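One chain, chain A, appears in both complexes that follow, with chain B as partner in the first and chain C in the second.
Now for the complex of A and B:
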């Protein structure tokens, strides 16, 4: 694959064509997270910080394993620990590795006004280009997963890159490499979906998880990170994973109909006023309009 | 109204005092900056505007501050003019006859006071839009500090902010058209402060009568 994977198929805030669009038939890459075999060891968190050279973040201690409450601009990969009581009274300890979902139809990219600050490569990875970022934070509003985080000092937004640099060199992301239980997999979207469905079927048929399933939400066109969940009917119990995530309707309205209406109204207004002036002209002439030697009416 | 230090040429009358003119130009300068940078964020086709204004990060940084200056100027306008912008029966008749106004048949218009009904609409349109723009603009200034469970504030703001801005752009275009092109003498009045008696009689007959009545009685 090498650098060819970095061809771009979507660009934020971009006028005109997108250079890499339809130039390459490349499989979409995908990360598969099997929450049923995650042991919450946080090796993926460490690997992420190591590989991406992220500085140490202060942790909190609240008598739980959740020593980091949420992802940060410099902490892109976080396991969320949740205790869930089932209907039969038994307890489940749910662990979900949370990071950017690399949506096929990214809300961050749709909301971003800065040319080239957010791109989607032909392999499906959604990547922030901080050099082009203007710090408006619209991506934060566009994202249905609460992933983009602002660096308060530089006013630039950061998130998981799906280890673009590694993937473009045919390596798996750092988190995948570090996982000791094999609950993390990486490959093409097609292969990962096959593997995920096979695992979900196994859970339904051979374990006591009749609702086991795959999380690959359609509202955002599917994601580049998919989960196997013990109970796919209620993803919210996994630290607020939205059941039906979609780009906020107000962002869609703003970037869709409002934009068209507004542009038509502005251009129409300018033309209308110009034609009005050609037709009717000024209401009356004042002295200052009358050229030297002219007569005052 | 009276402003003894300012020399008013013969046949002219003071329409905007210094405070009014200064407020107008503070608002105008801030609005033009807001418009230029706002349009750059509105459409990729206009992103170049932010680049020539020092780069998009600079535009993002200064746009909210310009918004605060604009809001302060609009607040000052409210203090100065709100009382004069009350809707009257004449304004009702003015709107009914607006087609004569827009086709330059001003003699068929009901007599306007210092501000005609259209100008009052501009004032209130800008005032309420500014309230909306300020409220939503504060949310958009610091979106990263809006907690996830209050995210509807961001959702509402990204829609209301451009919608209100578009409304003001419509008002602004008509305002420029009237002041620069349609009503000759209006632009000078907001620079120098005065208009000709003919201008006052033609566009603001009720106001003209008012100050003629004033000037016939001894000035205080």
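Now for the complex of A and C:
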């Protein structure tokens, strides 16, 4: 996997600073998914499988056109199908391409205790380095989008890589390339936001979608994957897209204040022990405490 | 398509009906999305189910299967009532002003047009004609000894047609059209199709809004596929759409037209090259026994202009003799001479219907003894699976050319055949391993009529052989046998040209050169002074002659492989006009024109209706038609000559009224119910069904009705994730959609106590289909004439052989076990969509 031009800016579970951190700036990459022009053809699902050499999965009928209920350790890209009735009684069949959102402030990276198991590059891509993964599964708890999935046999966790191997060679991700309708776009965050907002405005003005908007959630610092939604006021209807995703409080506390509290408690306890020893010395045993025959006088 | 795939990006308004391009043509559908994104084009989808195409539409109407003519007729009525007509276009580019003969009558309450013979169940179509200088009827041709008497030929069209440009004459086409569709009110549309009146009016208002207040700038397109063709009134459904587009002045316009989305990647090529019994390559009409010689044949099939005296008509089919002689020279070379009538006697004379369903019926009745099935899974794809299997049981031999074992090549193992019965089957089956699409070169002709050469990506594996090698080797062996053993009439085989470098595996490039054609003598074009030497490829069909000096395997492909080379290999993506013409990418027929009838994109003076989409125009200085697309017209015909844009019609104008022998079931479409229908025909209850549709009868051809318990309307269709019966062998596709299912409404499922994922049995009078239920909001119950009617839908992609099937995960039934062998009387397409079933838990 060539990562020639990728530079790391954040490392999970890492003591100390990241080499070269904050020395250069580069625009972050962004995948724009326009749910209003997705036709659910699954070319992107197949492209992801083929590019990443993922093995075929056993699937069963689930009363839906959706390939499987959720992403898997070996199926990183999944179109979610949802039938939704609007207020005026008309039907919508919503199709949302579901995969890692490549958050600017990734919950998985924050939660991961293993040094270097999860990295974030300066271009915004969040990547799992399975060689360093200890299989604890904390990243799964840390992700507000329920994306990382563990291989039950090898205990390594996997997710979409935003095709780091293609992007580092100036190619667009495999899913982008395969999309026949041009519903998927790829470029810098700035350019994709511009295009997304233009499209949302067009939907509001011409297509009877007054609530059309762009999904780029602030709670995770914005994401490397943004959606144009027919109705941005109800992201949940798109297969449980969280309205306000953020790193879970348990992870924030544990990796933030609680860590320092724990450090303080630990160091404080050692200092206290030392001070106590200085002040009071070792525990003294009194002769009067023990009388021959057993009882204390 | 009259237009093309990329041209769809130029549209302002799309009506997608009888088709599901998002699912079945996702790559081509890109252009519909481009139109939405870049032009704010609106999309209306009308379908029995809410499909993935409907999911991106601006307006969706759910319609009862097989009632498309009623809906479109309602649109025609709306267009006329609300004056949303392209007036100048209608008057000058269509036959709206032509007067019709006095003895023609509309169906009205009777439900049949004038000339219907109840006993013969066929029409005498001579009243379906224009008023004008009709010649005295010709005497019927003398019967050949030993042959049945020839059918009375149809009278010709009048050379000079009477017309009324005020459109007030009650016998003019326009007034008859208005009268005929006056019955198709919004209320009637609701009763027949189930589309609520207000929704229908919304759709009608939106679609016809392109001509609101007489605006001619906008263009609307109609896009369809087999949702329209797979009915006993399929051809007439498309006719209704064509008439609507003529009324609205959309044909010939960029972003307009009547656009068929072909299925198989080279089905357009197959129809162009006449893989069908009643055509010769280039849509020439086959000779029939009544054509006693070449001249009689040519006389019958070559039309003469028929139009108002003041107008001009190019009547390009008038060049039929040139196309026919050149074709015969291509087939028989030096053995075709003027003296022997150009080897006319070598051509089989088509004496009856030899269409697909008819052939399998013949096999069922022991008339057809053997069949070569190349890449065609007849058992699964044809109507009434059981009948097709029973037909194969009776055949002496079957040759299957395929890349996987399939239902046809293993027909004796189909479910329900016992070991005992297997022993009785005497059919010898030969299975020839063939090449897959990536292992073949040659051209594909797409829906847009573009011929694109492709190279083989992989060598053919193992013992597999290319299709042309198999056909060639069969032919060479047959020819040897005829040489050795003579026979009844060996000449058509012995004299057939077969001049390929490798006779047993002809290069398709050589075949394409042969199809393009060449001249045998030095020749010059008087207009352009271009010269050709003897033996050179001709640049186009304008060079074809009827004196035997040219040969051409398919006149519409002339120009595809010239002295400049194989133009179908070109890949120049340049498009200076931005209209998606891409003149130097591949080669389109005819003559590399991308939008047909494009002269109609201009007004009477030759100026484009819309200045922002200039396709062709009249250049006064050069005194010819020029443009960003090749003009589909006589280049030097001045606008003041009033030559019609529809150069392939003898009238030169578009046919709102289709006269004489154009269609078997009427010059105007009228709504007929499918063979198995839940209601009578509300438009004319005396004639519920298409009176001339062919409905096959045999022990295996059974039909059901509501009183037999078959009250649910069923349709069949295709998914994105699978391609007919091929991909059930491919793990990737099986992963995406692993199991067969039946789609039904939430209401019907709850009434029957069926939950999503439960197994159900769907049965028709012909067979049964067992699969899991998909309970969905996307198919709603319909109110048909005030009664609740349920519809269900079945994707066809499974059978009794495949990955899931071989693992015992399915019930091994085929969807077409349910469908009836009832066919359209013009195109002979079976009624796969719209028959009656019952549903129960399995």
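Annotations for the structure displayed:
Quick note on the criterion: the second predicted complex is superposed on the first by the 277 of 297 C-alpha atoms of A that agree within 3 Å, B and C clash if a C-alpha of one lies under 4 Å from a C-alpha of the other, contacts with A are read in each partner's own complex, and residues count from 1 in each chain.
Please note the rule applied: contacts are C-beta pairs under 8 Å (C-beta built on N, C-alpha and C of every residue); 3 or more make two chains touch, one makes a residue touch a chain.
Treat the numbers as computed from the prediction; the structure is a model and nothing was measured.
In the superposition on chain A, A:115 makes contact with chain B only, not with chain C. In the superposition on chain A, A:69 makes contact with neither chain B nor chain C.
Of the two partner chains, chain B is the only one that A:248 touches; chain C does not reach it. Once the two complexes are overlaid on the shared chain, A:183 sits against chain C while remaining clear of chain B. By the document's definition of touching, neither partner reaches A:257: not chain B, not chain C. By the touch criterion defined above, A:206 reaches chain C but does not reach chain B. Of the two partner chains placed by superposition, only chain C is touched by A:37; chain B is not. Once chain A of one complex is fitted onto chain A of the other, the partner contacts of A:14 are limited to chain B, with no touch recorded for chain C. Listed in rising order, the residues of chain B touching chain A in the complex are 40-45, 47, 50, 56-57, 59-61, 102-104, 106, 140, 142-144, 148, 151, 154-156, 158-159, 162-163, 166, 169-170, 173-174, 177, 181-185, 188, 196, 198-199, 202-203. Within the complex formed with chain A, the residues of chain C that make contact are 22-23, 26-27, 29-30, 33-34, 36-37, 40, 50, 52-56, 58, 60, 720-721, 731-732, 735-739, 741, 756-757, 772-778.
Across the complex, chain A meets chain C through its residues 36-43, 45-46, 49, 56-65, 67, 83, 85, 90-95, 180-183, 199, 202, 206-208. If you check the complex, the residues on chain A that touch chain B are 13-15, 111, 113-115, 133-138, 140-141, 146, 149-150, 152, 155, 248-251, 253-254, 258-259, 262-263, 265-266, 269-270, 273, 276-277, 280-289.
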